[in-house]
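The following pair of complexes shares a single chain, chain A, combined with chain B in the former and chain C in the latter.
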Partner chain A sequence: MNQTISFFSGFNVNDFWFLGEAALRTLWISALSVTIGTVLGGFFGWMLYEGRLWATLTLAPVLDIFRSVPLIIQLVLFYNFAPIVGLDLDPFGSGTVILTIYTAALVANVARGGIEAVGKPMRRAARSLGMSYWQDMRYVVLPIGGRAVFPAWVGVALGVMKDSALVSVLGYVELLKASQILITRTQEPFLILSIAGAFYFALSFPISRYAAQLEKRWAQ
Partner chain B sequence: MFDYNFHWRPVLKSLPDLLEAGLLTLQVAALSMIIGIVIGLALALIRLKLKGPLYWLATGWVELARNTPALFQLFFFGFGLGAFGVHLSPFLIVLAGLSFNCAGYLAENFRGGFQAVPDTQLRAARSLGMTSWQAYTRIIIPQVFKIVYHPVTNQMVWAVLMSSLGMLVGFRELSGETQFFASRTFRIFEYFAVTAIIYYVIVKIILVASRLLAMRLFRY
Partner chain C sequence: MIEISGLEKYFGALQVLKGIDLNVQKGEVLSVIGASGSGKSTLLYCINGLEPIQKGSVVVDGTDVHAKGTDINKLRQKLGMVFQQWNSFPHLTALENVALAPRIVKGKSKAEAKEIAEKQLKHVGLEDKLNVFPNALSGGQQQRLAIARALAMEPTYMLFDEATSALDPELVGEVLDTMRLLAEEGMTMICVTHEMGFARDVSDRVAFFHKGVMEEIGPPAQIFGQAESENTRKFLANVR
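Right, the complex of A and B next:
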């Protein structure tokens, strides 16, 4: 008896579930690395601003490397480097580490710009009102400088969200990898890619619009 | 813990091939930048001057290019078009994807540039008897070019970094070539480390060259 086996099957409702889960994974890895990366990047930015000579000589070139080498190369390199030094990281771990450092390298510049955006006279005024250095940082520099660079930070965060698609090279099944898997099975590339693209777009477009609007309003 | 033996000899032996692939990376990035600049200019002018379907088409292009991952765009040109029976070669996939992406980002830069040139410049040029074409090519665009020079060089760097995605659609530029060699010898870390250095050098060369060119171009 001859029975033909079909390797391909159409796109069905369960696949939406599969894509949804993958989209959540995309959100999770980007949220995690943007959060940690922002804290780290803020700290780096502060060091670049305050540290002057030694930070310019040590920290700046290191951060520059992460901005000058393609993310995909960084990911593959770190994923293969981790076992050499005895770290046991899964694709998610490696992806998070690299995305975090990548975010930090981008945010460091943004943060330094934010601190520089607060005028020296304002800082001096704060200090002469009796504020300590940290009070000045917390109550003067953070609100004013943070506002100046918030749109830039949103740009970085959205960029990392989009770049998180590259973690798929390590085998982490995020949205784009999931759609690739589905395409292989269903042979409906156009439909599935449209769904994946629509998700990224629906996430990124409103936020970037909102940031642009804030920028315009704050510029007045 | 540290019992990994580094083998650099196979990497050194294929270094000429890698450098040649680096040249290919540079070529595809430069080509997509040229296409991107032409289309980006057109998109920016359409968005500033026209209304109706053409405006929405241009806006759709820009927002789609800016709000979805570059890898998604590459996949779209790779597999997505396959649904319509259009099968591009890996080179064309990368070129089309990068050009699409660059055009979108550059259009926004150009739009800002055009808005920064006062309207009176155009009117003054027209009242001197220049045709619209002359006024744009001789008065407006040179000024816009000066304003957007920095963002455009940055975009060139991004184009080089983005071209590394070619690895995932089977294009043998620097990253693809590296993966080819790495998977043949299993010296993944060594190969990608060298590739990272090559990318770093390429990026630095572009930045230095653009700075030298700027000194020459914007002397006045």
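Right, the complex of A and C next:
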């Protein structure tokens, strides 16, 4: 009677689907955070640009903190201390909140740069035609400034998508966490990390290609 | 009618306009000449409210430009402005550049705005450039585009702020020709300019600015022929 219980088993097709599903979760948490973070960041960038005293005194330092403290520390701190103030969020919720604020902090500076890229003479020309402040913002500053900083924004978006791997420390099963689970079972880190890397590439590459195409179209 | 009285303007501690009194009648073409820094461009910015003023008043057709309750966006529709830097909107075609303000500011339909834009681009001789982006246009063409863009709002007055100063010499003529055309059509114009030929030939009156003061104003024959002010004569002797 020498039955053995095997703790390990090889990589199989189901594992591939498991990774694919996790890649979709990476995409989902990134898309959500980047979308909300961009809207928030655009708003923050506008406040920084308008340079009201309280924005410079309060908003700028807060954004600096979120940009400077490593994301992994922010995630762990928020996940563990948010419940103390009554915010009982699951790993996905906590991850989304932190990634969103992190994105917003990065986008705020991009957005401010975009507004600054549209010179005062251009904006005066728009206003001289009778456009209101907000019409000038919507029809002149947004398209011109937006195009100027679009490459920088794509960089932020792709960066956040890769950084979303850190949410794995909270236990959210996205691509990296799924890989770790599989590695533990199959003991094939090289194969699995290669596949995970390929998934990250498959998520980023179309975005950067599409962005490059857009830039080319705008440049003509 | 544009009525300017006792206008004073400071940039910080620096006073750039030191009490200007000036009326411009409908149909009149006024050229404003003077050295750089004499306050002539600032005067235009104060007329359409792009710069706040510290004292005096600017009244356009009975509306005080700088009064608190004035709808400045509505008033600016009467005051077309063309700048030294033409500031074409780079993301829009020539047609869209001109059609944008009529559409969003005046609420014209797309078709109406397009019609207006086509008409004004033809007016300035750009009818074959409708779907071209500004970076494919020369400086002179972009400045004419800027004129068409201002005209599309059907302004009563046109303010030109050194409209030809940033252009290569060979492109100045086409823009001046467009301005001449407008003058002939009876547009009321205030032209801050360094083009003495234009000031002499086209204007009804010429005003000479010196260090924030309007030194002298009168018909071109007077200013260019027998200027009363020593500063005017000196300036004109230098630019000729």
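Basically, the second predicted complex is superposed on the first by the 202 of 220 C-alpha atoms of A that agree within 3 Å, B and C clash if a C-alpha of one lies under 4 Å from a C-alpha of the other, contacts with A are read in each partner's own complex, and residues count from 1 in each chain.
We adopt the following convention: a contact is a pair of C-beta atoms (placed from the backbone, for glycine too) under 8 Å apart; a residue touches a chain by one contact, two chains touch by 3 or more.
Quick caveat: nothing in here was measured; it's all calculated off a predicted structure.
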> Now for A:100: first (chain B), second (chain C), both, or neither, which partner does it touch?
Replying inline: neither
> Looking at the overlay, does A:109 come into contact with chain B only (first), chain C only (second), both, or neither?
Replying inline: neither
> In the superposed model, does chain B or chain C contact more residues of chain A?
Replying inline: B
> Should A:33 be classified as contacting the first partner (chain B), the second (chain C), both, or neither?
Replying inline: neither
>> Which partner chains sit in contact with A:190 here, chain B, chain C, both or neither? Use first/second/both/neither.
In response: first
> Is A:200 in contact with chain B, with chain C, with both, or with neither (first, second, both, neither)?
Replying inline: first
>> Tell me the contact category for A:208 with respect to chain B and chain C: first, second, both or neither.
In response: first
>> Let me test your reading of the model: by the given contact rule, A:121 touches which partner, first (chain B), second (chain C), both or neither?
In response: second
> Is A:147 in contact with chain B, with chain C, with both, or with neither (first, second, both, neither)?
Replying inline: second
> So, does A:71 touch the first partner chain B, the second partner chain C, both, or neither?
Replying inline: first
> Which residues form the common part of the chain A surface touched by chain B and by chain C?
Replying inline: none
> Which residues of chain A touch chain B in the complex?
Replying inline: 65, 68-74, 76-77, 80-81, 83-86, 158, 162-163, 165-166, 168-169, 176, 179-180, 183, 188-191, 193-194, 196-197, 200-201, 204-205, 208
> Considering the complex alone, what residue numbers of chain C touch chain A?
Replying inline: 45, 48, 50, 73-74, 76-77, 79-81, 83, 85, 87, 89-91, 100-101, 104-106, 133, 146, 149-150, 153
> In the complex of these two chains, what residues of chain B are touching chain A?
Replying inline: 1-2, 4, 63-64, 66-72, 75-76, 79-80, 82-84, 157, 161-162, 164-165, 167-168, 175, 178, 188-189, 192-193, 195-196, 199-200, 203-204
> Which residues, counting only chain A, touch chain C once they are in their complex?
Replying inline: 121-122, 124-132, 135, 139-140, 143-144, 147, 218, 220
